[in-house]
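Order as written gives the chain letters A, B and C; numbering starts at 1 within each chain.
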Amino acid sequence: MKGSTKTSLVIYGLMGVFLLLAAAFLMNLWGQTAERPQIPLVDPEFIKTATVRTSYAELVSAKADLSDFDCYGCHEKGKPPILRFDDKHNLLIPDEHKDIVMGHGRNNRNNLCTNCHDENNLELFQTRDGRELKFSESTELCGSCHGPTYRDWSAGAHGRTSGYWNREMGPISRKDCVSCHNPHSPKFPGRQPAPPPHTLRPPLTQPAHAAAEGEH
Amino acid sequence: MTRRIQTAVRNYCVFLARCARIAFVGDWRYYAWMGVLTVIALLGLNAYCRQFADGLVVTGMCDQVSWGVYIANFTFLVGVAAAAVMMVIPVYIYDNEELHDLVIFGELLAVAAIIMCLAFVTVDLGRPDRFWHLIPGIGQLNFPASMLSWDVIVLNGYLLLNVYICGYLLICRYQNKKPAVWFYIPFVFIAIVWAVSIHTVTAFLYVGLGGRPFWNQAIIGPRFLASAFTAGPALIILALQVIRSVTQYHITDKALLTLRGIVQVSMIINVFLLMCEVFTEFYAGGLHIASSKYLYLGLHGYHALVPWIWTAITFNLTAMVLLVLPVSRSLKWLNLTCVLCITGIWIEKGMGLVIPGFIPTPLGQIVEYSPSVNETLVCLGIWAFGLLCYTIFLRMAVPILQGELSMANESGALRAKLNT
Amino acid sequence: MSVHPTSGEPKPEGMSRRSFLRTSAVFGTGLAALAAGLAPLLDVKNFPSLQQFMQKYYKELTPEEMAVVLKRIENEVERQYGIRPHVRDLKPMDGVEFVYCLNLTRCIGCRKCVHACVAENNQSRNPEIQYIRVLQMENGSLDMEKAVHDYDPAKVPEKEHFYMPVQCQQCKNPPCVKVCPVHATWQEPDGITVIDYDWCIGCRYCEAACPYWARRFNFAKPSIPKDRLNPEMDYLSNRPRSQGVMEKCHFCLQRTRAGRYPACVEVCPTGTRKFGNILDPNSEVSYILKTKKVFIQLKEELGTSPRFFYYFDV
């Protein structure tokens, strides 16, 4: 083939390729961004800042129903309630208070109602050394045994602080112990975590021993 | 005085016009080669437009592995650009006459490589429309704290330096004038030092990051230079043979063998530095070698890069052995060796350096990386564009150096057209 | 076209009509392919206006110019989300240096902080951006290689594990600030490392430099559900970001510079997180740093001097 014929062929070939390319580009034949898998929006429960419980003081200021705290609605004044135990000296919770689960302290050291409640006046608490405290002062009661924690709480280091860190611009909001801890069973129960993070890229390989390790 | 300037400017315009014209003229092989490169470049441009519209999510990168093949190619090409000027050293310092004209081919390769580097960095940016923030004086260039600011300055400076030197030498040859020593020799020596600096600055980009123990090592700088001076001259050896066969430009085998000498020594140093790195990491061990473990052995069941790095090491070792043996004096074996060098070092600098720095993340997570189709098209497009530039430069330079394109044979018609 | 036999230059007598047509045709088809190749650019949403393109660096904006910028942002957000936000530019307070303390005895790994942060700071839901990453660690070791990021048991905390949330440590000696080529990120006098989203060029060098994997990049246009947009915004913090820029934890400066706690502190159900002004001797963070015995600053050996102190209840 002569040189100039080859050149013509190449140039005409190029023209054809360019036209094909233009068409392919306009028809958007490839390169569209792949659809990303849907990520469900997080349950709004995980963003709520409310504590799991409400303290007596909070109930009072919210003018909520306080009938749960009306002990003498059922108990008789002047008559200390009778405590019953099983043969292993575990406290038996009466049916009227069956929502209470005792679990305060390990080795069954603190499962006695009168360690905190004053049996002579059920509307008050009593400390180990006999001081009387109102329901709204429950934090002092906790602090009478849990010294280091109470000290930290007073400084703001234990428990949640919210509101204003700059006290000159607004109030700090502190929670009483019982806003988070169930006084009868204070250890936090486990809770469901919010969903794990979603990586932008799917894994290239599934590592062989990932299943065995259970993690990674 | 103004008349002289007017004449000079007119001469320069004629020179540029002829150079531009000749870039579009050639035989069928030239058109085919340029055509293929243009098609690939257009594919890359289209892919980049897709990326510009949809964001970098079209690549394979993510927050865990936030740099990928773009920066890998950038790193490799800075090495090529630096090494292209290494040919200058034998010529000007050791007075090696054989390489004299070939220096221009090396510097033109450096120009093309820097253009590719700048392109790779630009396509990697999330907001390329804000490039002006990098311009000192107008933007807020964080010089001297940020190594990337140093890179911006040295790369652009190197581009201008090489464009000036090549441009000056070529126009002198076109006008059959002897180049004035003070107009180019000082710049050549600056270019030698500058070449080392561009690659050192690029190495320091990685070395300066204390949070990435895989990179925060002194050996990375020397390793970069050693591998650059292996892959760069290897590329030039191949390019010179192509030029020789396509244009009948006179290039002696002795020139090629001089370059072979550079590749030989550099590869030996490169392999030695690799051994130093591997020993330092694996002998003492510790938590900070997690990235090295991932690269060479696999980590916690993730092993995507292991075959790549061992291929690279095999290529490099084979190339080193071939370079040391006299068999690589024969062009066939030399070419094979060069291909092994270039491929091995490309893998080593790309997948072997950039990606393992991100795996595992500083918080211990392993997310592997693989470039997407779009990303690959952009890379191919930029490579094609770079080769396109280099071919055009050669298409202009070779006839000038051969004396076929010169002031003496400017056509009267063209002159007359420009004079009116 | 006819060429000079040696130089390859076109012969001066001009081209024949056929070769001229051929040349124009190949150029024409080439230009057509080029134009078609640029077609995806038509999909570009929110091409920056000239005003946006020329916007000055944050530290160079006069108050009047800043007011114009804030107005523009409010208009854009209203156009996109249908809600008129309130965008401010709060300045750091004098005599304030923020510090964060995190009690590792108390964290249960519930990830409420992660999502409160996402909601407060208008982070993209898809691709998902979360400034806080909670690590499930094995008891007895801070080896992050053993950390699990995607734990999802029925109940947390799990036995034999502790939980360590990591976010931007607002280092005193931040590597990200050092490496940014355009000064798009810097440390403010109150200790917060901020980003000017309108100045960032998206090179991701800061993301590579951060030893805590704290910085996030917008690989795509962020998607925020309209009904979860937080309209109380600040220029340097939680206004919606654009595609191609970096973002990270900024200690909720739209809240903290107004005297309030960050969202992560507010939501934590166990009181793990403590935040305040270290220069105030009565703050809880001062108390913690004075009384607790064991502190961990992550990767202390790197010299970043983080403002984040992990401690235990002793």
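Points to keep in mind about this one:
Following the convention adopted for this analysis, contacts are C-beta pairs under 8 Å (C-beta built on N, C-alpha and C of every residue); 3 or more make two chains touch, one makes a residue touch a chain.
Small disclaimer: the values here were computed from a predicted structure and weren't measured.
Among the remaining chains, those touching subunit A as well as subunit C are B. The chain with its C-alpha centre at the largest distance from the centre of subunit B is A.
The chain pair with the larger count of C-beta pairs in contact, out of A-B and B-C, is B-C. With centres defined as mean CA coordinates, subunit C is found 26 Å away from subunit A.
Taking each chain's centre as the mean of its C-alpha atoms, subunit A lies 55 Å from subunit B.
Averaged C-alpha coordinates put the centre of subunit B at 33 Å from the centre of subunit C. Residues of subunit A in contact with two or more other chains: 11, 14, 18, 21, 25, 31, 33, 36, 200, 216.
Of all residues in subunit C, those touching 2 or more other chains are 30, 33, 36-37, 39-40, 127, 133, 149, 219-220, listed in ascending order. Multi-chain contact residues of subunit B, defined as those touching 2 or more other chains: 38-39, 42-43, 46, 50, 54, 57, 62-64, 300. Across the interface of their complex, subunit C is touched by residues 8, 11-12, 14-15, 18-19, 21-23, 25-26, 28, 31, 33, 36, 38-39, 41-42, 46-49, 51-52, 148, 152, 155-166, 168-170, 175, 180, 188-198, 200, 215-216 of subunit A. Taken in their complex, subunit B has these residues touching subunit A: 27-28, 31-32, 35, 38-39, 42-43, 46-47, 50, 54, 57-58, 60, 62-65, 300-304, 366-370, 373-374, 377. Partner subunit B is touched in their complex by these residues of subunit A: 3, 6-7, 9-11, 13-14, 17-18, 21, 25, 30-33, 36, 199-201, 203-205, 207-210, 213, 216. Contact residues on subunit B toward subunit C in their complex (touch as defined above): 18, 21-22, 25-26, 38-39, 42-43, 45-46, 49-50, 52-57, 59, 61-64, 66-67, 121, 124-131, 133-134, 139-142, 145-149, 152, 205, 208-212, 287, 290, 300, 357-358, 360-365, 399, 404-405, 409, 411, 413-414.
Against subunit B, in their complex, subunit C makes its touches with residues 1, 3, 6-10, 12, 30, 33-34, 36-45, 48, 53, 57, 127, 133, 135, 143-147, 149, 166, 175, 178-184, 199-205, 207-213, 215-221, 242-246, 299, 302-304.
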